Structure formats: C-alpha cells, structure tokens
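In the part that follows, the structures are each spelled out as structure tokens.
You will see two complexes here that share subunit A, one where it goes with subunit B and one where it goes with subunit C.
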Partner chain A sequence: MKFPSPSSAEAVVAISNLSRHFGAKAALEDVSVFVPRGSVLGLVGENGAGKTTLIKHLLGSLKAQTGNVRVFGLDPVLDPVGVLGRVGYLSERRDLPGWMRVSEFIRYSQAFYPGWNEAYAAQLLEQFQLDPTQKIKTLSQGQQAKAGLLTSLAYRPELLILDEPSSGLDPVVRRDILEAIIRTVADEGRTVLFSSHLLDEVERVADYVVMLQRGRVVLNGRTEEVRRDHISAVLVFAEPPAKAPVLAGAHAISGHGSEWRVLFSGSRLELETAATQIGARVVEELTPTLDEILVARAARKGN
Partner chain B sequence: MRRIRILEWRNPTGAMLWEIWARRKVNFAFHTAALLASLFCIPRLQHGPPEWLRGVLILVLISFFLGAYLDLLTCFGYIEADARNVKLGYPARLLLKPVSTLRLILVPMFFGGAAVISVLLIWSHWIMQPLVHGGILSPCWLGAVMLSVFWWMQALAWAMPLMPGRSLIMLIVALIHLLVCCLPLMPVSRLSGWQWPMLAVLLISAVMTAWIGLGLMRQGNWDGPSRIARFWSRRHPAMTRKARRKFGSAFGAQFWLEWRRQGLLLPGIVVGILSAIIPIVFVVQKQVGEPVEGANLIKIIFSLSLSLPIVLSGIMGSQIARFDQLQPSNELPVYIAVRPMTNGGLVIAKLAMALASSILTWLVMLASACFWIIVLESHTLISLVSTISPFGIVACVIGGVPPLLLLILYTWKNLLSGIGAGLTGRRWVIILFTYWKGAVMIAMIALLMAAKFNGDFMTALLHWLPGLLILTLAAKIAVAVALFVLGMRRNVITPGCIGLIIGGWLLCGLFVAGYACLVCHALHKSDWLFPVTLGGFLLLPLPDLAIAPLALAWNRHR
Partner chain C sequence: MAPIGWSGDSNAMQLRISIQDGAPIYQQIVEQVKYLVAAGRLKPGEDVPPIRVLAEQLRINPNTVARAYLELEREGVVTMRQGFGTKVVQVKTLLSRREKLRLLAEPADMLLTHAHHLNVELDEVITLLRDRDAVMQPESSK
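Our next item is the complex of A and B:
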C-alpha cells in the first residue's frame, strides 16, 4: 500500500526515520514520508497526531532529534535561506502581525522574495476581497487566512505548505478558491503539502495521503489506492452472536443482532474467507471514504 | 477531600484571587525572600560596617525594593497582552462570565491596591526609613498617590484597549499624578489643604472610568476601529490608501519591522519623561526665582535628565531582543521565522534599529536641552554653557560632537546588553542572565568602593589593572572568535555579517579609545592612557554580538 519512495533527487520532501520527543511525550516516531515533485499530499490525523510537528520540521522550526529531513535535497535547519526562499507557508494559528495593515504585510513579505509576482498578488487581493488599508488585527479568522495565503502564493513557491488552510474559511471559499488554487499550483508542476481535518477535501484534492496517529504513520499511499485497499462491508450472521464478533483484518466492527458493519483492510477474497471463518457472509460491499477509514483506525487504536 | 475544600472558596472573587496567586507563586516567593534578606541586612547596616560595604548594601536594598515593587504592580495589575489583537487589556475570558462589571473591576482594584499600599508601607517603614532617616514625602501620602497611579493605569488599560490615543492619555495622567505628588513640596501654601480632596477625586474617577469603560466593552461598544480612526479615514481617504514604495531589500523590510515595533520606544519614553520634567522645572524656577537652592535643584534635575537614555536603555536591554512585545512567549514569531533570511541578517537588522533608536533619542535630548536653555531662560544653565563659550561657537559644536557620539554609542551598547540571552527565547536563560548581570554590577561597585576606601587595595589594583584588562580583552576576543567560527560552521552567520560586526567594533573601539586618550591627555593623566585605551575596546559588547546569531538559531530551530 505504501507509495514508492522516490530517490532524494525526485522527491521535493524526503523525511526518513524522523523521531521527535517533547520531554517524555513522543510527538513523532520513526516517520518516513516522501513527496514527489508536482504532487499534492494531504496530511491527516486527529488533534495531537503530529501533523504540525512534522510540518515544523520541514520549515526548520524544529530540529530532527533522530532521522533526516530534506527539502529540495537541503537540510532546512542548516540552510534555512535555501529552503525557505522556495517554500510558501500558511500557519495553522495564522500568526500574522496584527499591527500591520494588509498592504504593509504584503509590502513586507514581498521584500524577501525576488520572484514576487505583483500582478498575481493584485489578482489574489481582488479575488479574496481584502481591503489593503485594513489592519490585520481587525480581520476575521477567514480573512486572516486569506491574507496569509496571498503572501505565501504571490511568489509562486515550488513547495506550498498549508497547515489547516480551511480553518475559518467558509465552504464557498474553501471549495471554489482554496481547492482551485491547490490544483492550479500542482498543475503548474509545483508541489503542495497540506494538513486538514476535512477528509472529504483531502479526498477531492490530494494525490497522496499520509495518515498520522500518535506520531506514527499508519497509512501512506495514493489516495485512490488507500481507499481501494479498504472495504466497507455488511456481514450477516445465521445465528446472532452474543457479543461483538472478532474478524481478522477488520479495523472496526459495529452493529447488533445478525447484521454487522465492518471496515476491512485487504482484498475481497480475504474478507470473504475471514467472514466464513466466523460464520457470516458478506451481503454488501462499498469503497469507504477517507473519513470512515480514519475514524475506524482511530477507534481501533483507542481501544 | 483536599480538592473539594479548595473548590469551596471558588466563588468569583476567590477564583480571581486564586488566579493571581497561582500564576505568580514564584514572584511572591521572590518578594518574600527579598524582604527577609533586606530585614536581615538592616541591623548589620546600623552596626557600622565599612563604608564600601555600607554603600553596596544600600544599593542592593534599593534594587530589591524597586524590583519587588515594580513586579508587584504587574502581578496585581490584572492586565493581559493579546498579541493577536495587538492590545493590552482586561482578561477577555472573564468578560463573558456571569459576574457584575463592578465586581470584575473592584476585586483586582481593591486587593491589588491593598497589596500595593501594604508592601510600600512595609518597605518604607522597616527598610527605607532606617536607611535614609526620613524622606521628603510622608509614606502615607506616597502610598495614596501610588494607589491612585495604580488604579488609573488599570482603568485606562481595561477601559479603552483599542483607543488610539491611550498612550497619550496615560502620559497626561502620569503627569497629573506627578504634580499632585509634589503638592506638599510646592511653595504655594494655598494648595496644601486641597491635596487630599484632589487625590480622593482622582481615586473615585479612576474607579468610575474603569466601571463605565469595562461596561461599554462588555456591551461591544469598543469593538472594531474606533470612532476617531473611522473619522480620520473618512477625512483623509487618500492618505490611508496611498500606495507606498516597496522595500529595496529584505534587510530594509526587516529594519522597517523592527523600527515600527521598538524603534520609537526609547525616544518616546524619554520625550514623555522630559515633557513631565520641564513643566516642573518651570514651576520651581518661577517659584524660587533661582536662588542658590533652586539653581542646584535645576542642575541636579538637568544632570538626571541627561542620564535618562543611559539608564532607560540599560533597563530596556533585555526587551530589545524580542520581536513582538505583546506576544506571551519569547519565541520567534512564525511570520518572521519562515522568511528566507539568515539569523545573522535578522540580528544585523536589530542592531541597526537599536543604533537608529539611540541616535534619535540623543537628538531628542539635544533638542530638549536647547529648548530648556532657550525657552525657559534658565540662567543657571546658560551660565553653565557660557563656561565653554570662550572657545568659540564652532569649537564648542565640534567639541560637542564626540561626546554626543560617545553617548549614542553607550546607549546603543546598553540596548544590546542582553541581546544574546533575549534571542534564545528561553525565559530561564533571560532570568539567569539578568541575575548574572546584577551580580556582576554589584561586584564591580563593591570593587570600586573597596578601592576608594582602602588605599593599599587601590595601589595593588592600579598595579594589576593593565594586566587584568589585557586578559579580559584577550578572553573577549577569543570567545568572540570561537563563537563566529561556530556560527559559520552551523551556517547561521555569513562572512559579510561577521565583517560588518568586527569592522563596526574596531571602528567604535578606536573612536572610544582615541577620545578617551584625548581626554586623558587634556587632563594630564598620562598614566591612565593605556588602561583607558583598553577600556574603550572592552566597553563594546563583541561576544554578545557574536553569540546573538547562534542564540537566534537556537530559538528558530528548536
């Protein structure tokens, strides 16, 4: 199921065996992720799964305790200028200088990037309907996200890293603008890595998905393959089991009486064999959504 | 069981007091320790210790008092910074609680006021009075005025967090309090009967301002841009919408950001204090008609005013390293951390801002001094200036430039004194560095005092001084070189930045040393030439500048 690990020359982001501890708490454990050039990678997981910690390693804000982090083949801690000059970043907390006006923030950001495209910035300003004279502190959370997005897109970075970009944005902007931007960036041959709680959004936009759980990668691969490798099925028992049945390869099983719904990881044949072994038969099969897969895996880990 | 007992007193008042206590436990422990240590020192001071030890102890006790008292004001102030909305104000989380506005303001005002007065009275009765044997103002009056200042600062911070002219209003209020505080000293007898009623009016109006302002804020009347800001943008749409030129470089942008955040802080405070002092001098001058005592007072105030930038820059030194003063943590803000700029580049922008701020401060001082001399027609100061007039105006102006440059340099050096510790973004490093700096300063003063009162020690010290200075300078240079090499290896500083720092250090060091030699020569103190030359180079903080990019890298790449 894991997508092929490209060589470091092909991968824009190459993380291998990365671990990070904050005191006794393990934030990341032996994480390996490779992001091919021109792809869109969705980083998903529950709160505290380690998504933001992973992103901070890519920006050099956190130093790898063990393992390696390379962005464009460079170490972001040793060569922050080389890496950050080619990366656009929107932070989850929207840490923007509230005392600046929108126009001042644009002017300030522009100075750091020689490739800043003024026409594109003006187009985004209009598209996002931002008032350049307004102070950032008076903007709503969604407008702050737009201002942050504008300054991370206007120089057309080779790698766009978005940490929870949807938070605070209304559904129209999310679907029509954010997703369009992400797809445009990818179509231009640039790379996007974004984290999100909204799995339907990841499903629509991302080519690859990496699922983190308590600092570990539990799933990574092409979005379509991840979905295809899971089966959501309804099992029917001849005799209703007294307690919840245990099915080898199942991530979650719920129901009552003789009808039980199961999320299974494996092929159709393997599911049928496992079901027969516990005295049930498969009556319905569906391709699960990413949301269902995440919830099932989270519930399994929690148990 | 214990948990339930704690919950029993958690009514709104108890919860608010518990919050003050729980967040500042360490500070209260420090206050108690400082008080106990001071109480322990007082009997020793009264039993005739050596003069130098007495001087050091008095200095330590006054530092303890000032440190503890200022910290106490922040502990009970109940004012929180909100970096996102760029404002200082009442803790927003409490505004939505089902508690009356009157209670919300009275709890921190009443208990804070009680703590502020009690601590002031305890310190003045047990510690300061035995030290200074009676001050010029009664502790009760001073305590009451401090209470009013404390309440007004709370009221203004809580009641009008988004008002654009809040700093100006605070300055006016501080000025009024300064004048009220000096009422017992004023030679106008008619005012003496009115001093307590005036203070009562100030106290009541502080409570009313806080009550009404917080009430309006709870109703949402302060949300959004203020009426003044809206009125201004309607009147001057062209001004607010005018497109500005883009920055020429990343350094220019970063310097602009630093300047906007901190550049005007030191000049602003100096202007504020000077604008409070000048009217007082004017009143004193008019009242006493410049007899000998009045002239002496003006000379003292003038000298103290001149030392303002040096003292203030020393105090502000640890704060200048921060990138955003309102941010609760010392971490580098994300919007700066993700910019493609080296740590050395960020540090250089900060150094440039500190230098520009020092220059502006001294230009302000120069302008104030001229204003003081010319507009107030102070004959005392004019006669002071006239002592150098025989050398001619041009000579005076040319001769005045090097001391001015020296003062700018010293202020700049003071501003950067804690930059290495501050840039680490670690609170414990900053606290440790502050204590270390305090200890070194006290040790230096003790050394100087011991030398002053002990002739043999002075002779020995003078004998070893050149050697000690050479050793210290060599150690400083060695440490700086090691740090630069480390910085280069870790790629946190470029050779250009190193060249800029070393070049600047050499240039400034040569200037200070050269000027000091000139002064020694003029004073016929040729035996001081060598130590003074070395001292010129020692004055400048080369290791602090060398460690700054590494400290920032430690903060930026955690």
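Our next item is the complex of A and C:
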C-alpha cells in the first residue's frame, strides 16, 4: 500500500489558490487542498470558517472566482454529470423529500445513478434498521441521516463528501457514519472528504487534516504531523509574571502565578529557547490533541 | 464477510486506542501488538485480524492499520502474505542482537530520563524491570 503525499499529481480533489468573496466578505482566501486517492481528509474549523463553501465548489454549486477546482481532473462546474455521478454527498441539512416513503426515496435516488448496487442498498437498509414503508418526514434525525447516507453510498461512489455528517446525531448513529467512512476507504481506491467539528472522529479516521480559519488554511498535513508540530507545555517562572506572559510561537497561554500552560507550534528546542528568553523553564511537554490545537488557535483570534 | 485466512476469532487481539495519547495511532497499535507478543498472548503462527476488521473494531482509518502492520512486518514481528493474512512470526530468530538492542535504546533512554526527573536511582530502575518482567511472563514459561 502506498502513502501518497497531499500534493500528489493524481489527487482526486485538487483545489489550487481558490478565493471566494460574498460581497465584501472573503469566504475563502487562497485555499489549496489536495486529497490523494484512497485517503481520508478531515476538514475542520469553527462555524463560518469556510468549510461548506469549499465543499460547494467541489459539487459545482459554486464557481471558482479565482483559482482552480478539479475533481477527478474535471471542472465540477463545466462537467457536473462527470463529477456528480462519481461522488456520494451527504450534507448537514439533509434536504430529503419528506413526503416519500423510504422505499420510494431509494427508487428515486437509484434512477440518477447507473452504478446503483441493489444488493448493497438492501444490505445497508437492513444494517441501518430502516423501515422501507415509513414516510421520511416521520423518521428521527438519526434515521434521516442513515437514509441520506444509504443513498449516497449505494452506488459505491469513488469520492464520498460528507458535510458535518455527525452534526446533532446520537453516538450510535455517529458510529454508523464513522464505520461507513472506514468501509469506504477499505474498498480499494475510494476517497473521503468530510468536515466535522468532532475532532476525535477526525483524529481517528483522517489521514490528512485541513484547518480553516476565516477562509484561510491555517493547518494542512498528515494528522499525526499536524499534532506533532505542536507542543502543549507547562512553563515555570522563577519570578511570577505580573500579567499573562507573551511567548513567541505560542497560540494560547493560560494560568496564574509561576505556572502557565502554553500551546506552542515549533520544535522542543525552539520552545526551550523562547521560554528561556522570558525567564521560564519548561517542566512538562505533551503532544496536544487536535481539539486542543483548534481551541488554542481559535482563541488567539480575539487578540 | 470474513477475508480468506482469517479465523474470525475477534477475541484474539484486544487493543485500546487513545486519542489523548501523544503517540500516533499506528504507533500505539505497533507497541500493543509487540506487547501482546512479548506477553505470550499472541503466539507465533497466530493470525492478527485483517486490516479492515481491525479498522472497524477500533473505528480507525484502515490506512492507519495497514501502516502499523507494515511497520510490524519491517520490525519482523509479523509477516504479511496475500491471501494468507498477517501472521505473528518467531520474533527471536529474525532480528540480529545488535538490531534488537538498537530498537531498545530509545525506550531505555526515555525510561532513564523519567527516572532521573523522579530522582529514582538506576539500581531501583533495574529492580523495577525485573519485577515487571516477572509480571509479564506468559503462564506457560512460569
């Protein structure tokens, strides 16, 4: 098995220097994201950071103002049939036709995709414990999500795009969604791009993580490398500082008296050098979780 | 739908993945499989679960499991053969003594650093290692 790099030429998704403005507001600013075939990319960031806008460009529902968007090497705006026929998509707003029964919805969805796999659809129906005779509008949030997931998986798409798939769902349904992602990649060559604010899920299944902040890419790399590039450390000051100390390379610093916790990006040596410069020494160093990194980076915005 | 060569015994290998842990997930798998082999809970010739099965069991990316198995194969703990699954091998015969000591140097350094910070003497560390070894011995060799 190969471990392709995110800039790989045979990327299934290739977004280069994409910018998008809504009026005066910049929704995306010089964004470049590559998703190699067979990998899972997790898109993270606060609400309004630009995740859904980015996904809309992949589906061809927004046209690139500047920059370039390619899915399977195709322009999703110019060739929507060529792209969407190979993409499975599930959004947070599951706009399913509420008046249809589950079985009707499945038949309706089937009509759009020549590659529909009836046996697989039946298997998913059973696995998700959906009642085919039930009207969609009478289903719970979780069941609606499963119905949406079923129709985006049943034609075995080469690329699965999920926009906040777990949003507002209970742990059991979230588990089903996570397993669907895992099965999709386990099938040779299939690719997944999903956005989520549940960072532990991203950490579990994403090969690559891209963090957006106010339309800009602030982190982009292999999940474990993104974590390893940060240090969560405790600094001890010989003289307790009067106010919160300022440390070069720190994203967040909190504490009081002589002990302060800091989230730092850089190497251990750089951290020790920076700490020495402000009269502190490092007493504890940990690799932070993605959650801690996101929170620390988001907190700095207020400064 | 179990792949060929898999006995299907899901109790064979129980791993725990922690996201809080600083170590990457693939490394946690590598360490734990090595621990299970060292403790005799995985025996030479025994199958480890197929990539897909372990990925679903742990709810992690199959690429991560594949990477862990590749690393375990590189270190001579398992062998992967198409259609025959991934099997534990006789670790003892595969690595040269020098290679084995090289692999142990890094965790040893880490242990010594911890001991130093905690003001624990080297003699006490050595005693601790003997005690832990006694605890880890497989039933059969007691």
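Definition applied: the second predicted complex is superposed on the first by the 283 of 303 C-alpha atoms of A that agree within 3 Å, B and C clash if a C-alpha of one lies under 4 Å from a C-alpha of the other, contacts with A are read in each partner's own complex, and residues count from 1 in each chain.
FYI, a contact is a pair of C-beta atoms (placed from the backbone, for glycine too) under 8 Å apart; a residue touches a chain by one contact, two chains touch by 3 or more.
Nothing here was measured: the structure is a model prediction, and the numbers come from that model.
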item: Touching partner for A:S103 - first (subunit B), second (subunit C), both, neither; value: first
item: Which superposed partner A:G115 touches (first subunit B, second subunit C, both, neither); value: neither
item: Subunit B versus subunit C as contact partner of A:G85, first or second or both or neither; value: first
item: Which of subunit B and subunit C A:S39 touches, first, second, both or neither; value: second
item: Of subunit B and subunit C, the chain that contacts the larger number of subunit A residues; value: B
item: Which of subunit B and subunit C A:G60 touches, first, second, both or neither; value: first
item: Which superposed partner A:P240 touches (first subunit B, second subunit C, both, neither); value: neither
item: Which superposed partner A:R93 touches (first subunit B, second subunit C, both, neither); value: first
item: Shared contact residues on subunit A - subunit B and subunit C; value: none
item: For the subunit A and subunit B complex, residues of the former touching the latter; value: 59-63, 77-85, 87, 89, 91, 93, 95-99, 103-104, 107-113, 132-133, 135, 137-138
item: Contacting residues of subunit A [partner subunit C, same complex]; value: 1, 3, 38-40, 175, 178-179, 182-183, 185-186, 200, 203-207, 224, 227-228, 286-287, 289
item: Contact set on subunit C toward subunit A in their complex; value: 17, 19-20, 22-26, 51-52, 55-56, 59-64, 66-67, 70
item: Complex contacts: residues of subunit B adjacent to subunit A; value: 83-87, 224-225, 233, 240-241, 243-244, 246-250, 252-254, 256-257, 260-261, 324, 333-335, 337-343, 490-491, 556-558
